[in-house]
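See structure below.
Letters A, B, C, D and E mark the chains in the order given here, with residues in each chain numbered from 1 onward.
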Amino acid sequence: MTDAALTTDTLAVTYTGNRRVEAVKGVSLEFPRNQLTAIIGPSGCGKSTLLKSLNRLHEIQPNVEISGDVTLNGRSVYDTDDPIPEIRKRIGYVPQEPTPLPLSIYENVAYGLRIHGEFESDADLDDRVERYLRKVNLWEEVEDRLDAPGAELSRGQIQRLCLARSLAVEPEVLLCDEVTSALDPVSAETVEETLADLKSEYTIVMVTHSMDQARRLADEIVFLYLGEVVETNDATSFFENPQAERTKEFVAGHGVAVPDDSDDEQSEKPSVTPEQ
Amino acid sequence: MDRYAKQRLFGALARGAAALVVAVMALVVAVTIARGGFVFITDPAIAVTPPGSRYMLEADGGFLHAVLGSILIVGPATVVSALLAVSTAIYLQSDYSSERFAESVNMFLNVLWATPPIVYGVFVLTVVIAVGARTSLFFGIIAIAIFQYPIMTRYTDEALRSSPESVKATTYGLGATRFETARMTVRAALPGVVAGIIMGFARGIGDAATVLFTAGRSTNMPAGLFEPATTLPVLIFDQAMSFNADVRSHAYAASFVLIVAVLGLIVVSRLLAGRYARYAPGGRHS
Amino acid sequence: AGSGSNGNSSSAVRISGGVGPLPMVEVWADMYEDQTGVTFDISGGGTGVGVSDLFNGQVDVAMMGRDPDEEELEEGLIAVPMLIDTVVGTVNVDNPVYDELRENGLTREDLEAIFTREITNWGDVADADVDEEITVYGRSDSSAAYQQWGDFLGGDGDKHTESELENLADANHNGDQSVAEAIGRNENAVSLNNINYVYDLGSGELESDVRPIPLDIDGDGLSEDEDFYETRDEFLEAVEAGIYPAPPAREMFLAADDGFEDEAYDFVEWVLTDGQEYVSENGYVPLEEGRLEEALEKLAEGP
Amino acid sequence: MASSTEPTETSGGHSGRLASRLRRERVSSYWFAGAGYFAIALFGLIVLTLVYQSLPLLSEFSIVQMLTSSQWDPAQQEFGFLPAIVGTIYVTILSMAMGTPIAILAAIYIAEFAEGRTKTLVSSFIDVLAAIPSVIFGLVALIVVVPFVGDYLAPAVGSSATGLGIFTVSLVMAIVVTPFMISLSVESLESLPDELRESSLGVGATQWETIRSVLLRAAGPGIFSAVLLGFGRVFGATIVPAMLIGGQTQIPDSLFATGQTLPTLIVNDFGELMSLPLTQSALIFVGLTLVIVVWLFNFSAMYVRKRLKRRWQY
Amino acid sequence: MTDAALTTDTLAVTYTGNRRVEAVKGVSLEFPRNQLTAIIGPSGCGKSTLLKSLNRLHEIQPNVEISGDVTLNGRSVYDTDDPIPEIRKRIGYVPQEPTPLPLSIYENVAYGLRIHGEFESDADLDDRVERYLRKVNLWEEVEDRLDAPGAELSRGQIQRLCLARSLAVEPEVLLCDEVTSALDPVSAETVEETLADLKSEYTIVMVTHSMDQARRLADEIVFLYLGEVVETNDATSFFENPQAERTKEFVAGHGVAVPDDSDDEQSEKPSVTPEQ
């Protein structure tokens, strides 16, 4: 595990809005280079929060506190003079909902390149757009309608477009939050295939709620429960030979980790301290 | 009365209410068109003819001065106001200001939204006197811009809020700055933003109370930024009270022009909204 | 004035103020410009706006539809009369006692009784077998005409204020035209109008449904020389000759702050001399000789 | 691929661009912040100005006395606002009483009954109606409503009236704000989830029962806001009352009586009398009163709305 | 199968909006009395449409055409003079999303009773409300806050409240559309338990996308595919011994019936004829 692209050091994230929610509680992890790490865990356990804190994307929300650190290739992501946009460029993020920007298909992919000025000429830009559309297996489907609005694609195509857009700025790490869960099964499959193709070249951290998907795609698994890491291991060991009691339950229960007795929705969440 | 009779009665009432509203609308438009459209069609030149020196006495000339005044006042006011409104709306987004601040600004916006236009007129006039200036095109623009600002901010803010959070996450995730993200958020919400601006424009072009005491109620062609001017609604208000029947008929013709302009605005806003909707996330589904 | 304000407006004579005299001033300005090349920049907004602009140094001349107020004079306002606008009592052409009114006229006292609601039935106005309630309309818009009417109704040394009249009326209308329309619709109504709303502007005849109430000045019925209501010209002559009393005829003013200067002075002087001959044809009444002289003196005298 | 690109290379080659992006970011954030505070500043400036300009009046007369006196005679320096206040209240209540039920019914028709083409047609009609300038309503009312009220309606109820007055203004203002309230109410009805309808109809409720007990509550806060905005427009209406109210500064004694509202006081007297310092101050004080009432009203409405939202959550 | 409470006879439902969608294509079914029938099938196959057409609830949408018939205890639901609300009272419906009416907890349950006037006195109403809240295992959790808004309960509680509300008017048939799918796993379990308790007393028709749930709860299974019934059988036979090829695939694929090749979302839907 020495070749970790991204590491976290007792990272804790707390929402301080109406009520205090400790969403992530002191997590130390290593995400190995050019592998796909899947973060799994029951709903509300802090997966998305953890993922966003890796490239400081949680900061766009009000009322969040963070402690601990994240390092990318040995350099801190928090304790740094680098402007945040630079950090996020190096650690890309793809949200759950397939989100075309209100631009053409071409401009969706070119967006990051344009804002960072990362192209020499128009021809170079064309090249890059094509390259990344090919990388996500979308080029054939869209090459004759690059000027159409991105929103006119099917949701599965849009999600691949989002991947291409993120890859185009050449991030060192790619964070994907349940990128297939808003898709119908067929579209989900094509996006999954694309991720499978990409994982050897990129360091990918993916959140998923599907045990099957984690099994199919991941090299490493992180199992998060109530904001804490219960177990982390390579995928095979994790599923074949889970260590923690919780993990066994969770894997057996097909993703449903049933806590305690009440059905009140809060009981499934991390510790909550009402403020007023 | 049994449940089903109530259901029928109520259905009839609802239908009747809608029919009544539509009928009133038809009546207003019909009267305006019959009265004003007729005047206008027999002498379309009145909308593009400047008034003469015997305008008030003998309806010599037309009301180009008010048409121009409306355009020259409401156009720039809309630009200024839209710029401010969109900026305010962006600032009210969570990445610029705290929820609490946004809430208090919203409270002030609500109060401004409900403030009677005549109060804006009085306010600006007071300023005019205080700075020792004279009512003019310029102050008409200021007054209308102030009037439009809360209207546009409200719609714009709503539009930005309803644009999906994932657009923000996406652009930030690509390394965009807040400014770059804001631009994309506005773009994603463009149908709503444009609708809000057009709404403000329509309200601005129809309002008389704000400009009554601020633009100068001129009967001449607007001659400069700091010269008096008038607008169509003020002209209608003034001319409806003229002793000359021809001048009074101009009030109806001006109403006709105003209604046509407002209808045009609505059509344009629908078309624009349709065009931008193609690009909106999930656009093709709507 | 239209083309004038397009020109070099910094040297233009700037005028603003009441809408009552505005149409006449526009005509004057247009003619004066033709003759001398001096340009004008004129806008309405109300007498108060004009005076306010004047004090702020924003205009050279204010048009006033009313007498200057004490407070305004204290601030240095100089107002010279420029013309007379005439207010007359009005009724509907189908008024139940119109024939009697036309025959005998009404005295000031009659009118006062009507407007102060001492008499409320047309049957009591004229000795006719009529039983119709009188509807009284007034003005709601700080009208100078209405103020003059109050001054007139009060008689010598007394007057009714506008607010008093407003409160006694059945309804008050914003602007002369609304009054004229209301009179035209209601057979039992009585009110007052500036004469441009009574006589047709083009022909000078009584064409609408609004009729003037002849004034019985000496209280002995309508004599030959008190009967001048058939046409506008006839009526205006009577006003000019002073047969029709003032008030209700009333002066309108051009005003300046601390004296008229330069082109503004010349213009006002022209208004008070050559300009007077165009007044009648536009439905206003020129000032009579003596008053003109006083006005010119006041102009020359300055502050 | 990603690891072959050295991060230093990338950022180093474009540091100029990055710097200018960051500068733009900084400058724009100042601008946006400025715009954010503008709303507050504008409000503050308006209130301060109006207060300052009202001082000459307030230093001479007591507020209570002016608010309760019905003598309005600027020429005699008598400034009693009561008639205009009463007129404003009458017009507001009457308009809302006429407009609100119609607006809610029509909104229900559009949101719940109308389908397809009819629905599109009716709602575009309403949109157009909402956008027509109120001065046009005033103008049309002068030739339609005024004679109707004066010649038929008022005599029919045994009132002798001129057609101008409280009732006419209220009727026309109801027409002005109704489409406005309809659009907003339709919006909040349409944003209700279909599950609410299905749940209610699914236990055998009729459509009317569903609307009355479920939809009107669920959309209640939204409809309340719509009515509130309508209220604001009637309360501050200027041009229509100026054209139609009959400008009598006296406490109206019947529905068909003429009257005065606070805004018409300003319109009628400001242009003519603003050069008289005390009158000017009095009219500006009227503006201040309007703002303060709107303010108080908004606060209480916010509170009510919050309560409704809690009570009628779904 | 002679004791069918509800039957459909070549029932076909077509949406006639922008494009024509034949959502249900001539379906003839029998739903046995006092049993729970589960309708399963891939997303968009017409499950919800079929369910709603059983009590004419589809009619609240514009542009729907229907043919065929539904009979309740031998009497037609469509060819009848009964007002529709009466029909819906006899055939209750619970939607997917837990939906409290904007009323108190008490009034939510009392809603149907009040409408139909089905109570003698206030005390009687109290009794009934309590009875049905007990039936759905909710009474203990809410008895001390009956006046609180229904929406203040947790989602799982709300869904049980909805069941109680529907049961209170004593329907002969209860239609449930994926009533657990919007719930977190824990809440889902309690609702499922409630349904298990209820099924011996009521004729229940339930739509579900979870094979496991169908297996756990259903007596009968209807497998719908592209608007047509592929197979219907009692639950045990259905899962142990599926007849049709499609069924085998579907049961094996854990609920994901993958058609054709494209990933366009439309391809998963029933036949679609664009109109313009």
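We take it that a contact is a pair of C-beta atoms (placed from the backbone, for glycine too) under 8 Å apart; a residue touches a chain by one contact, two chains touch by 3 or more.
Please read all numbers here as calculations on a predicted model, not as lab measurements.
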{"item": "Those chains which touch subunit C and also touch subunit A", "value": "B, D"}
{"item": "Farthest-lying chain, centroid of Cα atoms versus that of subunit B", "value": "E"}
{"item": "By number of C-beta contact pairs, the top two chains", "value": "B-D"}
{"item": "Inter-chain centre distance, subunit A versus subunit B - centres from mean C-alpha coordinates, in Å", "value": "45"}
{"item": "Chain centre separation (subunit A, subunit D; CA means) in Å", "value": "47"}
{"item": "Length of the line joining the C-alpha centres of subunit A and subunit E, rounded to whole Å", "value": "36"}
{"item": "For subunit D, residues contacting two or more additional chains", "value": "21-22, 142, 206, 209, 242-243, 267, 270-271, 274"}
{"item": "Touching two or more other chains - residue numbers and ranges from subunit B", "value": "3-4, 177, 180, 213, 217, 240"}
{"item": "Shared-contact residues (touching 2 or more other chains) in subunit A", "value": "83, 85-86, 90, 115-116"}
{"item": "Subunit D to subunit E touching residues, read off their complex", "value": "115-116, 193-206, 209, 213-214, 217-218, 220, 310-314"}
{"item": "Residues of subunit E defined as touching subunit D within the complex", "value": "52, 55, 57, 60, 62-63, 83, 85-90, 92-97, 99-103, 111-112, 115-116, 149-152, 162, 165-166, 168-169, 171, 175"}
{"item": "Residues of subunit B touching subunit C in the complex", "value": "50-58, 61, 129, 132-135, 213, 216-221, 223-224, 227-228, 238, 240-244, 248"}
{"item": "Residues of subunit C that touch subunit D when the two form their complex", "value": "18, 45-52, 55, 65-66, 69, 71-72, 133, 135, 137-144, 147, 161-164, 166-167, 169-174, 178, 181-182, 185-186, 189"}
{"item": "Contacting residues of subunit C [partner subunit B, same complex]", "value": "1-2, 5-6, 9, 14, 16, 19, 22-23, 26-27, 29-30, 41-45, 49, 52-53, 56-59, 174-178, 180, 194, 196-197, 201-202, 282-283"}
